[in-house]
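You will see two complexes here that share subunit A, one where it goes with subunit B and one where it goes with subunit C.
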Partner chain A sequence: MEILGALTFVNTYTLAELEVGEHFLWKIGNFTVHGQVFLNSWIVIGLLVIASLAATRNIQKIPGGIQNFMEFVLEFIRDLVRNQIGEKEYRDWVPFIGTLFLFIFVSNWSGALVPWKLIELPSGELAAPTNDINTTLALALLTSLAYFYAGLKKKGLSYFKHYIEPTPVLLPIAILEDFTKPLSLSFRLFGNILADELVVAVLVLLVPLFIPLPVMALGLFTSAIQALVFATLAGAYIHEALVDHHD
Partner chain B sequence: MDIQVASVIAAALAIGLASIGPGIGQGNASGQAVAGIARQPEAEGKIRGTLLLTLAFMESLTIYGLVVALVLLFANPFV
Partner chain C sequence: MFDFDATLPLMAVQFLLLTALLNAVFYKPLMKVLDEREDYLRSGDTGSKDKLAKAESIVKEYERQIAQARRESQDLIQKAQAEAKEITTTKVAAAQQEVQSQREAATQEIEQQKAAAFATLEQQVDSLSRQILEKILDPELVK
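On to the complex of A and B.
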């Protein structure tokens, strides 16, 4: 961590610190978990649950306020999934992909919008849950499971035939693809969010006022796009598993 | 060479080299998108949406380089 030490010499103000790889560790049984990620995931989940409850508690025929907003969100997600998976089978996958999208979106924005630094932790600091590789890897592996499930459910064991079609020569590449998909999904999200937060942190170290604002706005934009990309790709992978090559 | 010096140089190279290809690709894609909008202004919304998504995909290649650089700087397994 000597490089980290060299970077923090500029930091005479405690507005922001460059903390990469510092965690608020909890011990649960034999496992060590990153407490700040857990806390923030719970906050994000709580926000989403409260928003959903508030929107559905008193449903009106003519939507207004939060119900209107949540209906807009739902329609957006439904269109996204329908564009990827197609009219016939998209309905089953709206909840899964919608959950992924909303969780990633709200986590990314919570990391950028909420001044987590005000809440003191013994070590590490609260930030977007998605800037921890474990979170993004878990989401990506869930996506893998989902598309395997989709393929197996629709085609049974003949799902595995697509590995040797059109030619068995491509079998290694087809198998490799199953590993590169979650790898690229998780790295893309993790890298983007961490990069956003690092760029903002470096700029805040150099010029604490006003200058980082445009970069923060850019960060908001890219993190929204990343949530969209993750959901789109999850939909594309599921569609790939569902599609029948003999139509 | 000291392993720390090597790591810092490698991190710089990782992010620098990883930004060349996506830079060219993003330039191409944006240029084509502008040409498409100029030819067909009514398709602007669709073109913009697709462009943003593809730009994000290209950007992720640089981000992979960035992840490697960050691993070398902050979580280096060899130091």
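On to the complex of A and C.
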């Protein structure tokens, strides 16, 4: 017990600079909420909404400036969703998957680009909302709900037939999949972003100048890739639920 | 690190709200713009294709008309040439005929005059021979 206590002491001591696992807690009734996650997610949401409003405030037939940029973003998202879900049904899913991508991407990059450390919080620190497991699991569970909704809406109760088709032998695996999908989605994103921030933080602690820069650049790259992977997998899961196995 | 609390459901709700909000201010208007632009380009494309086809058909029509006009002019020239040839042949034939008839008339006249001349000569033969005789011989002898 003493050793364990010493370990936690060492842990809190060495990580005190990084402040992993410390939260700026808010209390709402009987529930606690991680305030720093929400604060930062509001910044991200604000950015997205402002960019959208700026792009669509004065829509031109020949786009320019911010509208052009946001159209480029939208076309990227549209192509991503269309590639995953297919020409016929992709339109309904552009908002959901697109928002997943945008929210995760902007969150990741905000965590990697903005020196949040400069803003003092009573406890914890501002960081990418996606380095909190609550956020990633929330997004992953929404994805699960989305593909269940997609399957049930298209096929009704016969959607559940895919558990025993082509053979009931695979039933346990098929059921297991519904749990592994959100699990892998949320942990992949959470792990990548947290690990990236930790690596950068540790390197900054060790060598404050220049050495962490390549790792930061790598962090930007992985952040973008993780957003793309999350959105692509969400699209793939929804497509899997929509696809007809009979024809 | 893995401390789940009310952040999770609240974040989920917040994300859904963000989706709805972005759908209203981002996806819907911009998708509409993209679709409209695509429609516009497609209609412009078909419109220009129509115009091109029309222009080509007009060119073809004109070419056909030109060919027809050329054929007609060719026909006209040939006809005119044939007519001219016919006219010349008839004229030449007529002229030849006239020449022939004139020549015939001339020969006839010559024949007539010849005959007349012979006749007068016949008549004069007697008196002339008498005169010759009178000249050579003694006129008394002749009487």
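The criterion applied here is as follows: the second predicted complex is superposed on the first by the 231 of 247 C-alpha atoms of A that agree within 3 Å, B and C clash if a C-alpha of one lies under 4 Å from a C-alpha of the other, contacts with A are read in each partner's own complex, and residues count from 1 in each chain.
By definition in this document, contacts are C-beta pairs under 8 Å (C-beta built on N, C-alpha and C of every residue); 3 or more make two chains touch, one makes a residue touch a chain.
Quick caveat: nothing in here was measured; it's all calculated off a predicted structure.
Asker: Contacts for A:Ala195 in the overlay, against subunit B (first) and subunit C (second): which applies, first, second, both or neither?
Answerer: After superposition on chain A, A:Ala195 lies in contact with subunit B alone.
Asker: Is A:Gln226 touching anything from subunit B or subunit C once the two structures are fitted on A? First, second, both or neither.
Answerer: It touches subunit B, and subunit C stays clear.
Asker: Could you look at A:Asn134 and tell me whether it touches subunit B, subunit C, both or neither (first, second, both, neither)?
Answerer: A:Asn134 sits against subunit C, while subunit B stays out of touch.
Asker: After lining up the shared chain so the two structures overlap, which partner does A:Leu142 touch, if you call subunit B first and subunit C second: first, second, both or neither?
Answerer: It touches subunit C, and subunit B stays clear.
Asker: Would you sort A:Ile28 into first (subunit B), second (subunit C), both or neither based on which partner it touches?
Answerer: second
Asker: More residues of subunit A are touched by which chain, subunit B or subunit C?
Answerer: C
Asker: Report, in rising order, the residues of subunit A that make contact with subunit B in one complex and with subunit C in the other.
Answerer: 20-21, 194
Asker: If we count contacts the way the header does, which residues on subunit C are in touch with subunit A in the complex?
Answerer: These residues of subunit C touch subunit A: 1-12, 14-16, 18-19, 21-23, 25-27, 29-31, 33-34, 36-37, 40.
Asker: Touching subunit A in the complex: which residues of subunit B?
Answerer: 4, 8, 52-53, 56-57, 59-60, 63-64, 66-67, 70, 73-75
Asker: Quick check on the complex: what are the subunit A residues that touch subunit B?
Answerer: Listed in rising order, the residues are 1-4, 20-21, 184, 187-188, 190-192, 194-195, 198, 222, 225-226, 228-229, 232.
Asker: Looking at the complex, which residues from subunit A come into contact with subunit C?
Answerer: 20-21, 23, 28, 31-34, 37-38, 41, 45, 48-49, 52-53, 55-56, 59, 61, 63, 67, 70-71, 74-75, 78, 91, 94-96, 98-99, 102-103, 129, 132-135, 137-139, 141-142, 194
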